[in-house]
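Right after this note come the structures.
In the two assemblies presented below, chain A is common to both, partnered first by chain B and then by chain C.
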Partner chain A sequence: MNRNTMRRFVAVGVALPLALSLGACSSAGGDSAGGGDGDETLTVWAWDPAFNIFALEEAEKIYQQDHPDFKLEIVETAWDDLQPKLTTLAQSREYGELPDIFLMQNNAFQKNVLNYPDLFSEVSGDAVDFSEFPTSVAAYSTVDDVNYGVPFDSGTAITALRTDVLEQAGYTIDDFTDITWSQFITQGEDVLAKTGQPLLSGQAGSSDMIMMILQSAGASLFDEDGNPTIVDNDALLAAIDVYTQLVESGIFVEVNSWDEYIGTFVNGSVAGTINGTWIVGSITGAEDQAGLWAVTNLPKLEGVDGATNYSANGGSSWAISSNADVDLATDFLAATFAGSTELYDTILPTSGAVANWIPAGDSDVYAEPNAFFGGQAIFADVVKFGAEVPSNNTGAYYYEGRDAVSAAITQIMGGADPDEALAEAQANVEFAME
Partner chain B sequence: MSTDVADRTRRAQPGARKPPAPDPAINRNRPWLTEGRRRSLTGWGFLLPAALLILVMSFIPMFQAFVLSMKTGRGTNLEFAEPLWSNYARLLSDEVFKLTLQNTFIYLIIQVPLMLILALVLANLLNDPHLRWKGFWRTAIFLPCAVSLVSYSLVFRTMFANDGFVNDALLGIGLIDGPINWLGQPETARFVIILGLLWRWTGYNMVFYLAALQNIDQSSIEAARMDGANAWQTFWHVTVPQLKPMILLTAIISTNGTLQLFDESWALTRGGPAYSTMSMSHYLYEVSFLKNPNFGYAAAISFVILVLVAVLAFVQMKVGDKRD
Partner chain C sequence: MIRRLRRLPGYVFLSVFALFSVFPLYFMVVSATNSSADVLDSRLLPGTQLLENFAKLFAEQDVVSAMVNSFLIAVGTTVLSLLLCSIAGYGFEVFHSRAKDAVLAILLLAMMIPFAATMIPLFELFANAGLVNSLIAVIVPTIATPFLILLFRQATRSFPHEIIEAARIDGVSEVGIFARIYMPTMRSTYAAAAVITFMTAWNNFLWPRVILINNDVQTMPLLISNLSAGYVTDYGVLMLAVLLASLPTMVIFLVLQRAFAAGITGAIK
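Take a look at the complex of A and B:
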């Protein structure tokens, strides 16, 4: 080999990996989401094109009426990807990679703000009037009296039932309104016996149902100071008792995946469901069942202090990142999601996105009868329910608590002693908090 | 070789060390750049890119992870733990970690031997020179490991749903009275995961064996037949011993892969019900990204996995290397 060729070869050999590794570093530093450079573009991370992203696009159009140069750059990011992305960026302190605005599950808000305060910018109370949101909802994104999010998607819980099935068994939707769980179970067994249709379904090992029942009594898995209260929690025991009865009586069908769960009521094998309002989007997917559904509030717990017929599941809020053009982002959110009835009027009929923003509920659009639900103005009802939902404390360890209780429920359904299973769950949560 | 000798002679004579500078032909033979050195430099030149990449991408992060495993704290507020090994001590009292460790070993103990035996048998069947459509069978059995994990998990989920294909089929032929909640019970969910792993990776290992079988001298098998050995005896006493290095390799690869199992646990069952199918790597991911991030603790878990892989590989090499 010629010496020059060889020297060149060695040089390439040394330079190539260096170039590669340097390239990897530099790409991480570039492409900042921008901010304060006079450019009226905001980058947003959100999931669900039919729901959140659709709402964003409509909000963009509304904001463009006054700000013709304004543009949104929406990056579709599933929640399962968004959380690891945020964690990775926060952990490596690459805040420059953050978008201006991102959507966050309400249940994860406290955890992220407490662990990674540097990810967020405060949402100024001067721009956004938080008194126009239900306290229980604004509380998710409030840490130490500072607001870090603008609530969007309402998680208000509803009971949706097939009126034709109820009719066969001699019931109407009113028989399922403002009732208790024991009434629900009695009537549910009757419906099952007469029509062969269970009323509810859900994922086995998911604690959504339990968490909704808990919140309906203003209870949670944590006390005010954030300590787990899984043991000796009367509301939790009552909720588990209700759940066990539902499953054992056959009123509640346990399935394994989300798709199966949606399938149970879309294909008509189950005659109803209890979930956040957003489930309406899936229910209306079954076009052959148009006119056969009705919506009402939840059954309530008996013998538990503070029990109500109202609860919530899920829901999300907009957060402004620390890398944002804060003024523009705040103004955008204040003018749209926290200030435009026009926006909510547009997105409601198409996507069923019910506002948390209370003034939106006064709009006529909410009072319009919904043909799919037999002419019921369901969204006006949902907004009324929303105002009644008791506040509960998710705390930073919501997911630890929820998963531990899910595991406990699986064990209890498998025959384990509730007290023992819950004690183990409490121990696991306490362990995670150490 | 001749230049080598010339170099050595030159070095031995101090007077000749300084070559006449202007002549490039002699300059090329400067004493430090001997043919041997040049060869070894060329070798290093080839090695360097890969070595540097491995250093930057693997070894430095590994070292950083080890340092991280001695730190504690939520999110970015990491500080060195007191004592330094407290994350490792914490593992011993973590019930969920113990459960995931147990799950992973159940997968390992049941799935790896089953898969390797199956792969060995299949490879032998497909190596039969009289078999027709050999290419088709080989492709069919190898194909699963080219399928995307997510799509195969989705298919498995659908097949093993309460109203899925498997339940329908079993009900149809009257083997069961009611649908089995496959993914909803700990034992059956583990069974589905093991089945998925077998389906996906048997063909992959079979290809290794097929390749090794091509190197076996056909005459040794013929000789065994001549001596009156039946098919099983030929397989067990003649073929298998010759495949030993390959069996060792696949055993190490599979053990390594199973100990680091993440995808099936994540995509098929989400670790449920009640953590009963969660693998160690899945738990590690949960601790870092889904729950309140505890990266120090997660790094400690990853080092436990590393040690387990290393120990098991070492044991297998010791066992597999015994000469008969």
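Take a look at the complex of A and C:
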């Protein structure tokens, strides 16, 4: 390094921090959330440009028809990043940095409201008619009879199957509708024997499938007081039994990652999947399989009280923050996501975002046949399924419960005794709750 | 001939190993030219989707701004932390005393504290200073790292102290000794430290994610995180973004590769 380079080096070392601090001043001056200053701009945190953000932009256009000065400032934030941001803001009590509205996974809603109530503003029942949403969905964002969120996309569970593969084995989609898990397993084994294709796949060590089966019977890992009920839970034992049979019979292929899971049905190595209706977006990515899919409800548990053919996985709701221009934010959500058929009609065909808002399901757009699914009006069916989904308790420790059950399932699949593994899971959740 | 044959198992082993290390890179490059469905199908041949992926990526995301932000942060962090940590490492070794050893020991203990534990107080600090959404807030907490101070202190051990004595007798100031004798001599250590710091700063994720709230100040890792957050991920576009994000660190490493190896092993030429 000669002297000239040295000088330059030192000069850059001195100049750069200066330049950066100037840059910092300009960006720090940007506006954060509203706060009722007469300005008609709302800041929103949400993820997925093709889905949630697209819906927001359409909602903005609809709201602008009556409020020409209205504007949304959307900050794209992945859910995995949104949660740590909220946690940091809550724990450092810097509520001033919150946006007006943020999107929240339904499964995480209770936990956040119970742990960090100061992040949220109540969503007034006078402005938003919560009876127009399925009870099971509104329940995610309701704590002590107070609503903290406006439900958005539906996590209603569907069974999507390849009709061409079923046909080879001599079945139709009707043979898989309104059935029980034991019928599903018998028929699945038959399909596997005749065509060599398993019907389902999923991530090893993930509890998604178990949780869907559990909710289909209105059961949960917690009782109404929030105490864990992982031990002596008949529905859970039945769900684990079904899952074990599915994997052992080869009907359900366990893979290592989410990407591999998507790959299994996109590349045709499995002939179906069970998941939230949003999985349709990934299924339709396999353009060469157009016309070969159909959608139906879930198999149900036998011998368990309250068992149904309906469940849910995922889905999300809009929350209004404690730093929001509450009146504007509430009015915006009430006029769009909880009050505009036009909005849901626009976003459904492009993004596949199925409404939880019941009046949207009556629209003609929902009844239109879908060519990819052999002309079936799948979204009208999904809305019908949605109304039947039983409510379950998620509670503040839902994720801890899920993680503990996932670990137990891995042990059980490895040959451990289910009762012992679940007792350990219960102990772990109780430890986390202390 | 026999000698060559004897080497054969070694070559086979190394080739297999090299294949394992290079394959992920190859898959990344090839996937950037394929469609999402092809990537999921594990297609290993280059495709024709590169331009489409480019168009989609740039339409969906502000890649230019993210690259510029990442670059400012990485360069700023590297320059400042090299300057600061080398001065500290030099000081700890050249102006050695027991009290300073104790301070260094405390600094090393600080390495044990996970970042997650200090993140919330740190956020409060920067929020009170009005620095949320500023690149300064990303750079400042990472410029003084115990690891780099230790690296420079260890490297300074092999720096001949006689030179310092001689320069002092010749009337060179202490700053002059550091800037004109020490820094040029230690360039391989600087290079090694630069590679490590640049890579860490470029890939830094958690802290920027928390402190950079608006997307006009987002960095490449944050942009990539957004690309895989949706219900449907376009893997071709994702791989292209990962490729773009990896290029600068690859270039830096290739340019400084020799000096890096020398710096890590502590050689002085």
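As a working rule, the second predicted complex is superposed on the first by the 402 of 434 C-alpha atoms of A that agree within 3 Å, B and C clash if a C-alpha of one lies under 4 Å from a C-alpha of the other, contacts with A are read in each partner's own complex, and residues count from 1 in each chain.
Operating definition for what follows: a residue touches a chain if its C-beta (ideal position, glycine included) is under 8 Å from a C-beta of that chain, and two chains touch if they have at least 3 such contacts.
Owing to the predicted nature of the structure, the values given are computational and were not obtained by experimental measurement.
Novice: State whether A:N256 touches chain B only (first), chain C only (second), both chains, or neither.
Specialist: Once the two structures are laid over each other on A, A:N256 reaches chain B alone.
Novice: In the overlaid three-chain picture, which partner chain does A:E76 touch, first (chain B) or second (chain C), both, or neither?
Specialist: second
Novice: Using the touch definition from the top, say if A:E97 reaches chain B (first), chain C (second), both or neither.
Specialist: A:E97: touches chain C, not chain B.
Novice: Report for A:G285: first if it touches chain B alone, second if chain C alone, otherwise both or neither.
Specialist: A:G285: touches chain C, not chain B.
Novice: Based on the superposed arrangement, let me know which partner A:P84 touches: chain B (first), chain C (second), both, or neither?
Specialist: Both partners, chain B and chain C.
Novice: Looking at the overlay, what does A:D48 touch: chain B (first), chain C (second), both, or neither?
Specialist: A:D48: touches chain C, not chain B.
Novice: Do any residues of chain A touch both chain B and chain C, and if so, which are they?
Specialist: Residues 1, 3, 6, 9-10, 13, 16-17, 20-21, 84, 88, 91, 93 of chain A touch both chain B and chain C.
Novice: Chain A touches which residues of chain B in the complex?
Specialist: 28, 33, 38, 41-42, 44-46, 48-49, 52-53, 56-57, 74-76, 90, 93-96, 157, 160-163, 181-185, 272-275, 288-293, 295
Novice: What does chain C use to touch chain A in their complex?
Specialist: Residues 36-37, 40-42, 60, 72, 75-76, 79-80, 83, 119-121, 123-124, 127, 130-137, 139, 179-180, 183-184, 187, 206, 209-210, 213-217, 222, 225-226, 228-233, 235 of chain C touch chain A in their complex.
Novice: Which part of chain A faces chain B closely enough to touch in the complex?
Specialist: It comes out as residues 1, 3, 6, 9-10, 13-14, 16-18, 20-21, 83-84, 87-88, 90-91, 93, 111, 114-116, 118, 204-205, 254-257, 260, 396-397, 399-400, 403, 406-408, 410-411, 414, 424, 427-428, 431-432, 434.
Novice: Along chain A, where are the residues that touch chain C in the complex?
Specialist: Residues of chain A touching chain C: 1-3, 6, 9-10, 12-13, 16-17, 20-21, 23-25, 27-28, 30, 32, 47-51, 75-81, 84-85, 88-89, 91-94, 96-97, 259, 262-263, 266-267, 278-279, 281-282, 285-287.
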